[in-house]
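Below you'll find the structures, each written out as structure tokens.
Okay, so chain A shows up in both of these, paired with chain B first and chain C after.
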Partner chain A sequence: MLDTMLGNYFPILLFILVGLLVGTLCLVAGWLLAPNKPDAEKLSTYECGFGAFEDARMKFDVRYYLIAILFILFDLEIAFLFPWAVALKEVGLFGFVAMLVFLGLLVVGFIYEWAKGALEWD
Partner chain B sequence: MDSFQPLFEQLFGSEWGVPLFLLAKNLLLILAIIIPLLLAVAYLTFAERKIIAFMQVRVGPNRVTFFGIPWLGGWGQPIADAVKAIMKEIIIPTGANKFLFLLAPILAITPALAAWAVVPFSPELVLADINAALLYILAMTSLGVYGVIIAGWASNSKYAFLGAMRSAAQVISYELAMGFALVCVLMMSSSLNLGDIVAGQQGGSFLNWYMIPLFPMFLVYFISGVAETNRLPFDVAEGESEIVAGFHVDYSGMAFTIFFLAEYANMILVATLTSIMFLGGWLPPVDIAPFNLIPSIVWLLLKIAIMLFFFLWFRATFPRYRYDQIMRLGWKVFIPITLIWIVLLGAVMQLPEAALQSFPLNLWF
Partner chain C sequence: MIFQDFVFYSLASVVIISALGVITLRNPVYSVLLLVLAFVTSSGLWLLLEAEFLAIALVVVYVGAVMVLFLFVVMMLDINLDQMREGFWKWFPFGAILAFIMTVEMSMVLMSKQFSSEIIQTPEYKSVDYSNTKELGRLIYTEYVYVFELAAVILLVAMVAAIAITLRHRTDKKSSNASRQIAVSRNERLKVISMPAEKKE
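And then the complex of A and B:
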């Protein structure tokens, strides 16, 4: 029999599957009901009135890459903060000071990246 | 509903009856969430057009009606739009990666719908009452960015590519501020369960809501929510005047409509989460006679509607931000504010028990 833990998470799995199904069904409905008369001009990539000169998968600004790396760092920090925040009333002063040390280290990194100009966009 | 269980056991035998009953029951409950949600999305687009029209001293859509009833003028518009969208050709550009091009809209809508699995609508009305609800929602809303970036890459169009890069960087930046704001809520509530978070705001009046002690976090969370859903004034990812429509420039017909649905479903989700975590969810503003007689779900829906109105109001009021201004707001304003507030809140919570039990701290701790 389904135990309570699995019983609680089963509707979520089902919901994700239904979500996938909704998206798929919408596409299938569009494909079935809509006309389909392609021609070369219609299928060409959108560009301002002329054919595309080159492939669109070009080099892009390194700052996007930098943002992604910084995001990983800070998102991990949030992942650490979540259980700490939930348990803060139990871990008390010791837990608070321990997290202050951890946050302090990350803030030093944050100030460094700020000073280095990693967050500038001009 | 559980009274149908014996019927299933009779029909399919005792071994298959119970799982099949659970499947059917949960599917019905899921449809009972998704169908009203999709209707709400449809009428949110109508509300948006009407409200912005009135703010600009126009009338807005007022022609399409049901059965020719004149005073319903305009109310048929979302249905007409849906029918039109479904009848439009889905164009897949020659340069595009077909599989990813069609996968992207599905990846955009799935998390936008699936996040609703754990949202409580009233103390009893919740599909999956799990302990890690907030973690699950954070995970689901993070997945939304895949739809955007895959759409931009698969289209093989420069506009789509630029839009996807901008959108992805913006969404992940604001997710940080959002996550830090959530940490503050968790510190107050000591629980990831959304029902427990609302229960923690109980106590008689709106003064107990987390909006009051966490007011800056409330603003950060809501503004980050606006930025996360790529809504004006943070819609450089779509910026019509610069990159036409951003990541979904090559999408048409139903494929485009799915992105549209996902965006509006996410808007409603952000409004709902803001209501639950900061505005006391289904709790009435004052716990006295006329207010606490109104069913709790009405209060929740009212709060969601108010937050959604803010989305539309922002759109009608503010000009679009420049991209560097958006990134500055996210990284250099919101993240420092949230970090400082976490430390401040943590310090206040270390005060001796007697201090926490005196006014006004006794309202929240």
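And then the complex of A and C:
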């Protein structure tokens, strides 16, 4: 089994299992061993010593959303670069130019957002 | 391949349980986190299908970026759960009909001849030097190059649209402009006047 492509990923599966095990063990040990004497004051919410001003679920500014969506778009662009880099010798000049056109289109978008000031946090 | 079957069934059951949690939990933030778990586990399933690049792309793009967006949207919406549950039974027939139509359509596609086990043979297990990423690269940048460039245009449109919809410049900000501060000349700030000295009395 270890001589197949999938077999190469077996150590990663082991890592995931060991990671899960260690994480669960720590939580369970803390839950079992730590003293647990809750009272009303310990369980109440507080903000740096005084009562909470408002609910933690307040509305976020829409600018966080803009940053996230711009990040996704360039993340996707990067995802396209990986198979291109691996297969560059086989796709040759044609594939190289195809990627340059792809990147050129996205650079247009990048210049647009820079010029509009979407990258500035004001 | 008994071991692979075992991995498949454990991953698949995690996917199903977390997906059920996504639609049944009351706290939308928990739902989003369970959706992250579903995506990570699905990437394990894709890895079992020997689609290694897609498995990593699922983690990088969906878990890393799309779920952040989902969290922001959930936190931006300021959801009042009691209000949302009010019209449940009123809208239930509508939702049930939609779900039924979707299930029928999906089963029509998945139970068609193209997906039957006679046409799709069990794939051979690939050897160590097989690279799924290379295969994808060979196809995307030659055979599907038109679709690939279309993807760039779609990304560009999404960028422009996101900026057009959400970009708001604040007018009440109080910040200093460093380049204007440096470019200032002496005459704008300081005025030297000559006047006779006052006599001491």
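The definition used in the following text is that the second predicted complex is superposed on the first by the 117 of 122 C-alpha atoms of A that agree within 3 Å, B and C clash if a C-alpha of one lies under 4 Å from a C-alpha of the other, contacts with A are read in each partner's own complex, and residues count from 1 in each chain.
Everything below uses one rule, namely that a residue touches a chain if its C-beta (ideal position, glycine included) is under 8 Å from a C-beta of that chain, and two chains touch if they have at least 3 such contacts.
None of these values were measured; they are calculated from a predicted model.
**Student:** Residues of chain A touched: more by chain B or chain C?
**Tutor:** When the residues of chain A touched by each partner are counted, B comes out ahead.
**Student:** Thinking of the overlay built on chain A, is A:F82 touched by chain B (first), by chain C (second), by both, or by neither?
**Tutor:** both
**Student:** Once the shared chain is lined up, is A:K59 touching chain B (first), chain C (second), both, or neither of them?
**Tutor:** second
**Student:** A:F71 contacts which: chain B (first), chain C (second), both, neither?
**Tutor:** After superposing on A, A:F71 lies in contact with both chain B and chain C.
**Student:** If we overlay the two complexes on their shared chain A, which of chain B and chain C does A:Y9 touch? Say first, second, both or neither.
**Tutor:** After superposition on chain A, A:Y9 lies in contact with both partners, chain B and chain C.
**Student:** Which chain A residues are contacted by chain C in one complex and by chain B in the other?
**Tutor:** Shared contact residues on chain A: 1, 7-9, 57-58, 60, 63-64, 68, 71, 75, 82, 85-88, 99, 103, 122.
**Student:** For chain A, which residues are in contact with chain C within the complex?
**Tutor:** Listed in rising order, the residues of chain A that touch chain C are 1, 3-9, 13, 57-60, 62-66, 68-73, 75-77, 79-80, 82-88, 90-91, 94-95, 98-99, 101-103, 105-106, 108-109, 112-113, 116-118, 122.
**Student:** Under the touch definition given earlier, write down the residues of chain C that touch chain A in their complex.
**Tutor:** 1, 3-4, 7, 47-48, 50, 52-53, 57, 60-61, 64-66, 68-69, 72-73, 75-78, 125-128, 130-134, 136-138, 140-142, 145, 148-149, 151-153, 155-156, 158-160, 162-163, 166-170, 173, 175
**Student:** Which positions of chain B touch chain A when the two form their complex?
**Tutor:** So the residues of chain B in touch with chain A come to 18-19, 22-23, 26-27, 29-31, 34, 85-96, 102, 105-114, 116-118, 127-130, 135-136, 153, 155-161, 165, 168-169, 172-173, 175-176, 179-180, 182-184, 186-187, 190-192, 244, 249-250, 253-255, 257-258, 261, 323-324, 327-328, 331-332, 335, 339, 342-343, 346-347, 349-350.
**Student:** For the complex, which residues does chain A have touching chain B?
**Tutor:** Going by the criterion above, the answer is residues 1-2, 7-12, 14-16, 18-20, 22-24, 26-27, 29-31, 33-38, 40, 42-47, 52, 55-58, 60-61, 63-64, 67-68, 71, 74-75, 78, 81-82, 85-89, 92-93, 96, 99-100, 103, 107, 110, 114, 119-122.
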